[in-house]
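Quick one: the structure is below, and I'll ask about it shortly.
Letters A, B, C, D, E and F name the chains as they come in the text, with residue numbers starting at 1 for each one.
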């Protein structure tokens, strides 16, 4: 159970209702995921997060699939199950195959290993990296 | 200062010397970065890490630049300065521009924010995500 | 299921029984939460943790509600579900409203975002911060 | 050294220049901290972060000092030195004394200990917490 | 549910089948744990991880029980439930008693507390530690 | 620079002075490490931490060297440089050789990798682990 009760589509009013409509239209989905319904308890956070995510995740110098892969990599490192699942779904819609997902996981796991090798040894920054 | 003294190229022998040669040839570099010189204290870890990284980072279903971006995203989430710097350099060699780096950072930061929104609220997994 | 079986109130003896009584009296509760019943497997850890928490969480320069909010903020950053839930309950007893909780979550999420912005960029410490 | 060169006040133009002015006026400071000058490389991130922080950190149900304490608690848990230092300065301006800071640190450290006790034991959620 | 369907022993072929046999023989177990069946989706990761783990976890300068205790300590710090449970089982087979487990947990929790005390205070490295 | 000025041995009074004496005697050292001098700003935290550490780190079911190795493993996973350095020194005094340290690092790094493999895949708990 979440800490705060999700705001159902039926009970959504004003700003929340408007953003729910935008999410469904933009994402081409029929039901609002629990993430949005939960943070909707705080309409200001809902609005800011929705606008920020749209701005950050839009295609510009990096394409939208690459951005989803990066999002998943962070979520895996933070062990956020909901985030891994929801962004994996988004990534699949944008073309991520199971083979790509397997390679993504291998890179994430390996990076976590070498990050600790570096920190355990307190490796000194090479002069060419400064 | 590192916890263990780095193994200089001059003092490298046997397996370590051989891998140093391979690293310089494969990466087209003239000096061995401190990461390799430090983990070379344990030649088995050096060999395993070098082979594993080559296997994991090779182009297959994901291209090598995308893999570097994922590596940087993990390193940023773990706050590993050496790793951020060294993989940013590798990524630049593979085509990452400053504009791409800026977008990468924006995605990493945003993902860290929404990961905490999800965990703070203990958002329930949607049935379509199970 | 926990890793070690919880020590029920019925089976509690000696030091454990005594601390269970203290917890119920001090906290004005009728049942011992699973946290205490689980760490009671190690009576020394139970005693040290109970005494330390009372010392750390008492009102002195910061009031007890503020201390609970800080506790929740750490638990959210560490994604500890049990800790988020139990300290949210304690905070509510001390006056935390749902509106305060929503703001707390917004601050925690935002701090996690800017923490990563700083670490991703390896922002230099300003001279006025040294 | 940061990953991207900070945007000096002299070189700031357009949106960046405008936000620099706002920051100095709102915060009543004469020099722009490195955090803002570094993220200014990406004017969109600069603007979004500045606006979001103002929205999140304003007094509403929690006062601004409590919000700073929460910010520091997250930054300490994430070991972000720059963030600890800059938000400690902000908190001091809002009334945080050294005695409050010491208590804050004690709570943060203790919360990190009990978070691990809970996770190590995989403590079951009590029915009254669900 | 896992993100990718586990590879059952029945469906295992080629390299996967061969490694499954090795795991059962080496570990003296009759059923393949879900960890191996899940990463078997990527046979290269399965093989690399199996070989690496055998190399890293073998008795040399540290005995195998001490290595398992270290593995559990990392898994507890990262809150990885599956890892805590599976390595606790391995450790028990190698001689870990409940009393040893309780002490392990106490050390892990305490280390997490003092790690934050150090980082919160940004304690300076003593000259004798450099 | 630390956030709060360290309490020098010269300026130590009362409880702080007494604990400084105990630390020097028990640890057989001539100078108080910065860790203790920094947390001494809060004499209650100094006393609680010193007593707790002595209790937790004493030989009982696990020997003191094993406990130091666990402490280092946690500190490496949390990337706490001061903690890695100071507990490596303590471990060396208790018999840790460079070869043991190298193996410790290899286990810590590998555990961090498989922890992420498990979390990335959201591996289901085997029924024999429940």
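As a working rule, a contact is a pair of C-beta atoms (placed from the backbone, for glycine too) under 8 Å apart; a residue touches a chain by one contact, two chains touch by 3 or more.
Being a predicted model, the structure only gives us computed values, none of them experimental.
Novice: Where the contacts of chain C and chain D overlap, which chains show up?
Specialist: Common neighbours, chain C/chain D: A, B, E, F.
Novice: Which chain's C-alpha centroid is most distant from that of chain E?
Specialist: The most remote chain is D.
Novice: Relative to chain C, which chain has the most distant C-alpha mean position?
Specialist: It is B whose centre lies farthest from that of chain C.
Novice: For the homomeric pair chain A and chain F, should the interface be classed as same or different, according to whether the shared residue numbers exceed half of all numbers used?
Specialist: Shared-number fraction above one half, so same.
Novice: Pick the pair with more C-beta contacts: A-B or A-E?
Specialist: When A-E is set beside A-B, the one with more contacts is A-B.
Novice: Report the inter-centroid distance (CA atoms only) between chain D and chain E in whole Å.
Specialist: Here chain D and chain E have centroids separated by 35 Å.
Novice: Let me have the rounded angstrom distance from the C-alpha centre of chain C over to the C-alpha centre of chain E, please.
Specialist: It comes to 27 Å between the two C-alpha centres.
Novice: For chain A, which residues are shared contacts with two or more other chains?
Specialist: 1, 3-4, 44-45, 52, 77-81, 84-85, 102-103, 105-106, 108-110, 112-115, 117, 119-122, 130
Novice: Graph shape for the chains shown, where an edge means the two chains touch. Line, ring, star, complete, or other?
Specialist: Topology of touching chains reads as complete, every chain touching all others.
Novice: Under the touch definition given earlier, write down the residues of chain B that touch chain D in their complex.
Specialist: By the definition above, chain B touches chain D via 79, 84-85, 88, 98, 101-103, 105-106, 109.
Novice: Please give the residue numbers of chain E that touch chain F in the complex, ascending.
Specialist: Chain E residues touching chain F: 1-4, 6, 31, 33-35, 38-39, 45, 49, 52-53, 56-57, 60-62, 66-67, 69-71, 73-75, 77-78, 80-83, 85-86, 89, 97, 99-100, 102-104, 106-108, 110-115, 117-126, 128-129.
Novice: Sort out for me which residues of chain E touch chain B in the complex.
Specialist: Checking each residue of chain E against chain B gives 1, 44, 48, 52, 55, 130.
Novice: Where on chain E does chain A make contact in their complex?
Specialist: 3-4, 41-42, 44-45, 78-80
Novice: For chain C, which residues are in contact with chain B within the complex?
Specialist: 76-77, 79, 81, 84-85, 105, 108-110, 112-117, 119-122
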